[in-house]
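Here it is: the structure, laid out below.
As written, the chains take the letters A, B and C, and residue 1 is the first residue of each chain.
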Amino acid sequence: MAEITLQKRPGEAAAVRTRRRIKALARGWGAPLALVLLLAFNVLFTPNFLTWQTFFVNLTQVATIVIVATGMTLVIATGGIDLSVGSLMAIAGALAPLILSGALTGPLDPGLAVALAFVLPVLAAGLFGLFNGVLVTRFAIQPIVATLVLFIAGRGIAQVMTNGNLQTFSNPSFQWIGLGRILGLPVQAVLMVAIVALAAWILRRTVFGRHVLATGGNEPAARLAGVPVTGVKLAVYAISGLLSGLAGLVVIAINSSSDANLIGLGMELDAIAAVAVGGTLLTGGRASVVGTLLGALIIQLLRYTLLANGVPDAAALVVKAAAILLAVWIQRQGEGR
Amino acid sequence: MTADAMERRPGADRRARVWSGLARQGVLAALLLLILFGALRYENFLGAYNVLSVLRYNSMFALVALGMCFVIMTGGIDLSVGAVAAMASVVSALLSPLGLTPALLGGVGAGLLAGLLNGLVIVRLGILPFIATLATMLAAQGTALLLADNQSVSVSWDGLFVELGQGDLLGLPIPALLAAAAFALGSVMLNYTGFGRTVLAIGDNEEAARLMGLPVDRVKLGVYALSGALAGLAGVVLASQFGAGQPTEGIGWELFAIAAVVVGGTLLTGGVGSVGATLSGVLLLGLIFNILNFENGRGSISLSAYWQSVVRGLVLLVVVVLQSRLTGRRAS
Amino acid sequence: MVDAAPLLAMRGIDKSFSGVPALTAAELTVGRAEVHALIGQNGAGKSTIIKILTGAHRPDAGSIQFDGSAIAPASPAEAQRLGISTIYQEINLVRYRSVAENVFLGREPRRLGLIHWSRMNADAAALLRQFDIDVDVTLPLGRCSIAVQQMVAIARAVSTDAKLVVMDEPTSSLDDREVEVLFGVIRRLKARGVSVIFVSHRLDELYAVCDRVTVMRDGRTVAQSRMGELGKLDLVMAMLGRRLTESEARGIHGTERAGGAPLLEVEGLRRGHRVRDAGLSVRRGEVVGLAGLLGSGRTEVARMLFGADAPEGGLIRHKGAPARFRAPGEAIRARIGFSSEDRKAEGIIPDMSVRENMTLALLPHLARAGVVDTARQQRIADEFVRRLGIKCASPEQRIRELSGGNQQKVLLARWLCTDPELLILDEPTRGIDVGAKAEILSLVEELADGGLGVLMISSELEELVQGADRVVVLRDGRSVAELEGDALTEDAVMHAMADGGEPAPGRAPAAAAGSGTGSGGVSGGGAEARGG
């Protein structure tokens, strides 16, 4: 077919171009702009907004979402989705106290116990993530269904491990990950920034990152260009699992307790919302980890703003829904199809 | 490429058809086996009390799964059903002092509105069903909490409202009768009306359905509205059964419903599905819970109730893996 | 002769997309109870004129007279109501539903407002029997052969009282027996007074079933005639816009590159209906053309050579040793590159930059410990942008924003930067402007001079004859001729494409009159491929 080029009457063309530019701007700068506006609003109207306490509260609340959403961003960048993140958080969160208390292995050297409590749960969650990847690639099951399996079974596994009981514990060296400070900043916030930076760097600078985007951008073309599409997909689901596991540890460390019924409940939706608001294309191929961070911050700040100004949490949910739809709609406009 | 697709089709389709037949029979066979197992193993398994309470409890899920079944047959998905049911339960509880009819209509109407919203966003704005219904889910959750002022809302015990969830008619639980009627209607609608056939045609090949002159957008709007209304009805039953509107209930219902639909052999890509098998899927997943309870009651082994999720997940896994193998859709 | 009152008369149809003309004063006239062939190459405007007729596009200018009145269908549904039904190439039916439903979807017989299944099944069976099709109408459509599926689509069209049925490449995936069944149905349609527009690239078929023919090229109607008045060669010439006398000249580059060692040798390649017995070979420093009409299996062969699809039979030797690439990655490691004909669907990654797109296949070699050496990547991108004269704001520009020709150059560079030994180019000049075309072709020549083996698929004979050292002609999935040296002329290629390189008896049915045979005979080839 003939090449479609833009050749219209001059005035019309200019108008079209202007509209396009506005749309492109909205797509590229909408998220940062929204964040700045929210911040400005709060600085002006919300009492006690510019305090370290407010800052830390918001950071700690958003950290786990961002960590999970970073993995989700990679999965979505390949054109997939991962519904199992919340359940994998629960598995990791249930496993760690069992290791700390020696219930799994018998009494352990305390240092070793803490080390294992960090490593094993995260690895376990990563393996479950890999399992998702196998379903998606080997069995060609749609990602939404493939990860639904562990969404349902995963929390059950965590509940079975703990018999559904609340496990309380107190282990300062382990809880450092949720309660500690690095240079005065909450550890999980530092962790969050480090993970986002690392993932953003991987996505931009490594062969793997480029393969992720190529797979989501045009899978047949990527395959024909020699991209190992199957391996790439396995890897992103495994990474999503690993990061979910880590987030699970942060959650239980903050709470000094682990409740398999609650850890990560609804996390998949928070993470997907952050990714969507952050401007990552939900059909794959265009992704921004920093955007996801911004998206999570926007949602968090939106909620905080509404709460701090006397709007009930419930109404904040409705606003969040509208924000997600708006973000996705703006994205669609930019597609120009 | 296109040629390959065409050449592969007949084989793949035969397998898909076989799959669908097998699944329909398979899920029914599995259900019957499970019932037989329970009947032989546990004394009161087929006792009136157990049968009726299983039916009563699972009727809400059945209603939600029926709506989900229609949505999935068009190739879509509705994540909002759980939250919409919760919202409807609050609405009907608030309206229950006015009597059964306003409470019923209010709850179903609230669900219908949410469903219409889903449908409009999907059809008019062209936003993926996954995202559109995710947003509606959040909005419905928020609305439910707002209306209920963050707590459960007791229903009025004066009128007939509580009878809807708790009463019996001809010795059968009313919610179960409601669900049975809905499934019967749903089955007729799917098999004997243009709407039903169009639903399947859209899920099969939306472009072809359009070219055949079928009212694609209207029917898509219709299935989301239907799913919303059924979720609303489930919410009314919920409020009536537990005597309160529950703004925080319904979390995870959508995924349970999807699982039931998939176990019932409905293809998630749309185009193939069965209302009856979806009912079998709901009952199968529900009975797993029931049987685990009995097993624990016997005390010979101690499986916590939490095993039900694991087992449900495994059932789903087996089904989707079989589905992928039999329909021959493999990574190329 | 055109009837006094033809069923359909489309006149002076203009249509452009964003300023690029797709149709210019195109015409299409179909008589009553007439089977009308519509032919032309890719981009000739066939599908555009059909889409206008069936309401999928609106014309910019021109008139459509149908059945005695002027019409302007705004949607396929409206065209259907007017009596124009289309059987699409991708059969547009729902494959999980039964045969009967596919005939009646949207118009099911009812009883008490509910679908009357038994009557629907009986009606569908009766309808299909009229066409001598005996199938179980309760079977899901997907379980029927492609041929039956088409009959069902036709039955659906007829049951909506269609007066004109448009068939877009209906035979492209049918085997010979199924084609016969289809022809039987078409003849019955004709007997019922229904007209048919038949789009096909298999010329033999046109003679078997069509009364008249319209040939399109570059958006214009270039020939309208009774089928019998044009020979196959005339049809091909009209489609390609060439005359025998003009095309005698041999390609300009006289310097015969002495073919080096064989890189790839293929014998008896098979896959499905499309590829039945393909053979060819490519040596170092040689440009081999692969010619054939649409649907002759060219692309399918190329994909198998690159490991994108698995052959069902046949032998591939790479540098003398039997090879079977199971994935493109393996072929790439063997230093083979493949540029797809479908730039959008299988070439570009639209949201990535020129630099990223260009270095995608090279990426693993551009990295240390998995980290891309951006500086080197940048250098390579800059170098190829310069060498190939790619016009872009910068290598950082998104590839989707480039023109087709420049996108194509980026995709070529994607392979060139991997330093390949063999490059497979499927329609490298499709949809790009004349200037870019010439640049790409001279680049191909330059590369071959430097020792690269090139297998080039093209629909443009001039390109093949001038650019290739040898041309293998495919017809219906078989290698039917291999032409080189003095025997390589456009005439010879056309003959081979039209007749399969067999001497006279096979071609020219009753209608041989006026078909300009004569000169430029077909040398080489025969039905067998010359393995090496």
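A few comments on the model shown:
We take it that a residue touches a chain if its C-beta (ideal position, glycine included) is under 8 Å from a C-beta of that chain, and two chains touch if they have at least 3 such contacts.
Computed from a prediction, not measured in an experiment: that's the story for all the values here.
Looking at which two chains touch through the most C-beta pairs, you get A-B. When each chain is reduced to the average of its Cα atoms, C sits farthest from chain A. If you average the Cα atoms of chain A and of chain B, the two centres end up 28 Å apart.
Taking each chain's centre as the mean of its C-alpha atoms, chain A lies 45 Å from chain C. Multi-chain contact residues of chain C (touching two or more other chains) are listed as 345-346.
Taken residue by residue, chain A touches two or more other chains at no position, since every residue touches fewer. Chain A meets chain B in the complex at residues 81, 83, 135, 137-142, 144-146, 148-157, 159-160, 163-164, 230, 260, 265-266, 269, 272-273, 276, 282-283, 312-322, 324-325, 328-329, 332.
Within the complex, the chain B residues that touch chain A are 77, 121, 125-128, 130-132, 134-139, 141-146, 150, 251, 255-256, 258-259, 262, 268-269, 304-314, 316-317, 320-321, 323-325, 329-331. For chain C in complex with chain B, the residues that touch the partner chain are 76-77, 80, 86, 88-97, 101, 105-106, 108, 113-115, 117, 140, 142-146, 156, 172-173, 272-274, 300, 309, 342, 345-346. Chain C meets chain A in the complex at residues 16-22, 43, 47-48, 306, 308, 327-329, 332, 338, 340, 345-352, 356, 360-361, 363-364, 366-367, 370-372, 374, 403-404, 414, 431-432. On the chain A side of its complex with chain C, the touching residues are 1-8, 205-208, 210-211, 213-214, 217-218, 220-228, 281, 285-286.
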